Amino acid sequence: MKQLFNKILVANRSEIAVRVMNACRTLGVPCVAVYSDADRGSKHRFFADEAVHIGASPPRESYLDIEKIINAAKETGCDAIHPGYGFLAENPILVQRCIEEKITFIGPSPEAIRLLGNKVASRVKMADAGIPLIPGMKDSSVDVELYKKTAEEAGYPVIIKAAAGGGGKGMRVVKAADELEDALEAARREAKNAFNDDTVYLEKYIVNPRHIEFQVIADTHGNTIHVFERECSIQRRHQKIIEETPSMALDDDLRARMGADAVKVARAADYTNAGTVEFLLDETGKYYFLEMNTRIQVEHPITEMVTGVDLVVEQIRIAAGLELSEQVRNLTQRGHAIECRIYAEDGENNFMPSTGIILHYSEPVGPDVRVDSGIAAGMEVTIDYDPILAKLIVHAPTRELAVRKMIDALNAYKILGVKTSKKFMIDVMSHPEFMAGRTYTDFIEKHMNDRKLNLKVYQNIAVAAASVAAQAVPSSGAFSREGDTAITPSPWQTIGSWQIGDSINE
Amino acid sequence: MSSYEFLIEGYDTVTSAVEKKGETFFVTIDNKVVEFYPSGDNLFNAFINGKRRLVAVARSQNGTTYVDIDSVLIELKEPSDDAFGSGAGDAGGEKDKVFAPMPGKIVKLLVAVGDEVTEKQQLVIVEAMKMENPVLCRANGKVKAINFADGDQVDTDSPIIELELAKQEQSD
Amino acid sequence: MKQLFNKILVANRSEIAVRVMNACRTLGVPCVAVYSDADRGSKHRFFADEAVHIGASPPRESYLDIEKIINAAKETGCDAIHPGYGFLAENPILVQRCIEEKITFIGPSPEAIRLLGNKVASRVKMADAGIPLIPGMKDSSVDVELYKKTAEEAGYPVIIKAAAGGGGKGMRVVKAADELEDALEAARREAKNAFNDDTVYLEKYIVNPRHIEFQVIADTHGNTIHVFERECSIQRRHQKIIEETPSMALDDDLRARMGADAVKVARAADYTNAGTVEFLLDETGKYYFLEMNTRIQVEHPITEMVTGVDLVVEQIRIAAGLELSEQVRNLTQRGHAIECRIYAEDGENNFMPSTGIILHYSEPVGPDVRVDSGIAAGMEVTIDYDPILAKLIVHAPTRELAVRKMIDALNAYKILGVKTSKKFMIDVMSHPEFMAGRTYTDFIEKHMNDRKLNLKVYQNIAVAAASVAAQAVPSSGAFSREGDTAITPSPWQTIGSWQIGDSINE
Amino acid sequence: MSSYEFLIEGYDTVTSAVEKKGETFFVTIDNKVVEFYPSGDNLFNAFINGKRRLVAVARSQNGTTYVDIDSVLIELKEPSDDAFGSGAGDAGGEKDKVFAPMPGKIVKLLVAVGDEVTEKQQLVIVEAMKMENPVLCRANGKVKAINFADGDQVDTDSPIIELELAKQEQSD
């Protein structure tokens, strides 16, 4: 087979960079990493065939600096760039620069990114195409009164969103008229910080909705298909933490209708490559177009697990001008897949960000368990970047078995030194409402608020483990072990005094 | 055999005895024996009442031991002069002081000096890692002092807000 | 969901025991390991929820001792036994004892095992059912003259096989009449040693055949299906080392006919649970029934990769009396999967068995890469058991991409302390004849005989690595590091003297 | 910087110089620099002419260093009094002695004293790990002595067969 590209530059970091490099390996295309100061010791740097240092730790000085990315590609002879998700993935200027430099951007056209990246413009387009939309403002505005008027018409609750937004940033739900102004201000501030663009808009807030999205792929030969849905309703602060497919809320008829509309959205935007069409589904089975994300998504592996398709490989093939293969065009959903996102956050303390040096790291293995990660023991988790550390993905014949398998995988995923929400996610999946498939976007707010962790149960095992560790495990420091003053007691002579401390809020 | 004593916050003192036979550790606590089989660096299969649990345990250079059991993370600190026996710790004590969870920027102070505050109330919003993180009140009380203003950079060592705790909280 | 069994005893060791336990985890059924003296520190022991010590290291005193297995199951309250492959997997006496003790044997009936375990009896049965057979002796014999006569009739070359055989043991190809008596003697001796039964038979040896097998599953409700083929032609000394699916030799028509005959074989034997029907396929597209294996096979994961079915989960479901689900009954082959077996053997020295302590061990990770293994760093590989250490399995959209992915996985699979055939297998898969899909059972004999390894290429990198190791890596011993006398030179003062030694035969 | 000298069998002496900067090792051999970045216990990413190779390296307690590069396994032995400089080693020398590859049982001797033998000829079959393993001749020559009989247990230290090598082999 002819090599699809000479060399691919992966303009991202951590788990998604490693994921993309895996696809390059599969296709036999060498890949180049870029890394910032903070990522000198990172996994993605060493996973690539080559690596280029592109600047200081702040994203604007490295991963968001388009010219540095372009230069790194030119220096190393790359003829394609894969942007991953986040950073420059949905930045039309990068795509434009690629075109100028005759480098293939592995993703959609700049026109499609511009259209779909602007929620207001894309709503107009999709309304014309006959896609159902949530009632709300037709356009953004700086006039507070217009927001108030629209909110009254649509009826409270309403939601304010950043036009350039994504990932929950710049979003605010407003339950009553007297909260509107404060929320507008906060949303604009967050949007400005996150996207350097404080344009926001307002629409009706759907109560008890599910977040259902459809994976779409389209080649440059006119073939546009959907690769089924993902249910991403389990969110905390509008941030997805658990995703699954198939969705419990869809029957074959609804799946077919939503899938057909997803394809219609992609066609209306002249879309090529992989993208995701997001819908809100209400309790009555009515669905509304939210937005189309013009990138590979964090949760793409669950689609890969049930369909057997390698979506990143398909992205690269499409970018090289190949047609969708027959195999990809005739897909079925097999079994059930779940993804849990491992964030550096304290699941026992309001999801506060957690930083530190990773003292121990080990991942679950076995059939139908997949771990996409960008970390290793000894690495420091800092505040510089997105707090996602890894994704656990499992596949099983049924949803119930997949949940069981995921709980097992979470318990076998061990990371010490930073906190995560592992136990929180286990408690979500063990909740009777989750088991029943009643996953709505307010699930965590509604069902997990009173959650308490009874540490007493684990106390004696922890004490036993610490006792063993005192004897058997040397103390850990990054890669260096200088200055180690571990206590290694001799038999019969040590009575240590320890105190158990925990991180529970009560 | 080695023996260790642990002072559990809010509970009693727990004594453990560890015996190693071959590669296996037998730990006796409260007359019950837990077996630990090494299963890789920092990893042990712990058999407790016949049930297997994969336990990870690591010690940092500053003497803290971290344990993961069934995805629950527990930290055990070696005693230091001021901390041991005083109920100190990350979250255990100092409910009257409100710290940033990590270095970041104060986006908005939500209370003023003199305000009555209640547990779980949002006190201040700190931006870190590109997210706005509300910092919650951990006890009922009254705002005594505010040491920073909107837009200030904060670290984790200096309290942003100091509280006067309500009476029933102080004996917690 | 009701738990399918109370507890399952896994009557095996190493990678297949771990594999079966993974299926138990998926189904939420606790599992019990058994282990011998040699396996006190083995992975499968610690992967189970409970573990029972069943005796000394020789298999007859532990893994082959039926009463010890039965007792371990009874002691721990197990109501089912999974035998894995090898050891007692195809022993009808174990099945009989299970029936007597009201323990479910996860596998076929003793009658089916008895019938199919006897190659002579099963040939008669399958001939009656209209399945094509290789010309040869209708029955075993002690009469050397009968062997000679049959060989003359079928035409040389002929092959002698153990009636109770499997895995290449007790097999001898005879190219001319004057080799027949010696070969007969050798085959009988090996059969006696391996199976305690020196019954052998003779048949025509198919020149340039492919080894094609069909995975079959059958429930107790009359549903019998095939789960497509596996191509297992790459063998050394009749031992499979590389397997793949789909086979390059089958088109849709041939696949359908062979699959239908595989189902017919299973039905003729009143077969339930998972089994494999082996065929030889000659160059003209004619195929011959070889035997049906009444166990889960080593190479089952490649079938799982292309179909998304968990075959061991299906085995347990079937044993619990469940019907094959609709999902399992409507399968398609997606992409291409390859398995490479990692044996403890020296691929550069005639596949001589290799033993030792594993000084370093690490496995490849990533999407569509699966490692089934039963080992860990610090473990000793002894001569007590089957030399299989691990299986690497990869899945990719096409065969060419799968090969590339496997080579990458083999290079990332690192084991130091025992030798393997990793490089040999890479050279097999890189051979133009393999790439062209011309995989016949004589592939290695024909194409790999002149293979030479040019160590010179690697010399300087090895010297560089050893130099770094001398500075950075402590010397490794099992779990203990006592007596370590590693040289850790100080800067500027050390001129060590080393000698490079290699394991190449020339 | 540290420096090491290696005597490569059949080739010249190779000298390496190792310098560590930060976590990276720079090894100079033949005026070329190879960079080694640690990538986990015993693992390094080695960058050679811009190409990445994952290299595993471990040292056993008896002083042997094992290296895996692109699935090729190379052993480097620290010199011992009798081995260094003599061309000894597992397979390198002693072609005139035929050893069992591992402890096992002699199933069948295929040659007799006085037989002429050629390279790659099967000399004896040893059963180990449930398989019959033919032991091949590694040089042309003549059988000088046979030290065991069919059915004997053998270890790996005592030669089963001793050969008198043909002349052209001795200078190999």
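Per-chain residue numbering starts at 1, and chain names A, B, C and D are given in the order in which the chains are listed.
Definition applied: a residue touches a chain if its C-beta (ideal position, glycine included) is under 8 Å from a C-beta of that chain, and two chains touch if they have at least 3 such contacts.
Since the model is a prediction, treat every value here as computed from it, not as a measurement.
Colleague: Let me have the rounded angstrom distance from the C-alpha centre of chain A over to the C-alpha centre of chain C, please.
Modeller: Inter-chain centre distance comes to 39 Å.
Colleague: How far is the middle of chain A from the middle of chain D, if each middle is the mean of its Cα atoms, in Å?
Modeller: It comes to 49 Å between the two C-alpha centres.
Colleague: How many angstrom lie between the CA centroids of chain A and chain B, rounded to a whole number?
Modeller: Computed from C-alpha means, the inter-chain centre distance equals 28 Å.
Colleague: Which residues belonging to chain D are in contact with no fewer than two other chains?
Modeller: 38, 40-41
Colleague: Name the graph shape formed by the protein chains and their touching pairs; answer line, ring, star, complete or other.
Modeller: If you draw each chain as a dot and join those that touch, the picture is no line, ring, star or complete graph.
Colleague: By the touch definition up top, name every chain pair that qualifies.
Modeller: The set of touching chain pairs is A-B, A-C, A-D, B-C, C-D.
Colleague: For chain C, which residues count as touching chain B in their complex?
Modeller: Residue list for chain C touching chain B: 40-41, 46, 48-50, 376-377, 479.
Colleague: Could you list, by residue number, the parts of chain A that touch chain C in their complex?
Modeller: These residues of chain A touch chain C: 1, 18-19, 22-23, 25-28, 301, 304, 306-310, 313, 325, 327, 330, 332, 334-335, 363, 365-368, 370-372, 395-398, 400-401, 404-405, 408.
Colleague: Which part of chain A faces chain B closely enough to touch in the complex?
Modeller: Residues 169, 186, 189-190, 193-194, 237, 346, 348-350, 352-355, 357, 359-360, 362, 383, 385-387, 410-412, 414-417, 419-420, 422-423, 426, 453, 455-456, 458-477, 483-487, 489-505 of chain A touch chain B in their complex.
Colleague: Report the residues of chain D in contact with chain A in the complex, numbered from low to high.
Modeller: Touching chain A: residues 23, 37-40, 45, 47, 50-52 of chain D.
Colleague: What residues of chain B sit close enough to touch chain A in their complex?
Modeller: 1-9, 11, 14, 16, 18, 20, 25, 27, 29-30, 32, 34, 36, 38, 40-44, 46, 48, 53-61, 63, 65-79, 83-85, 89-92, 101-104, 107-108, 127-134, 136, 138
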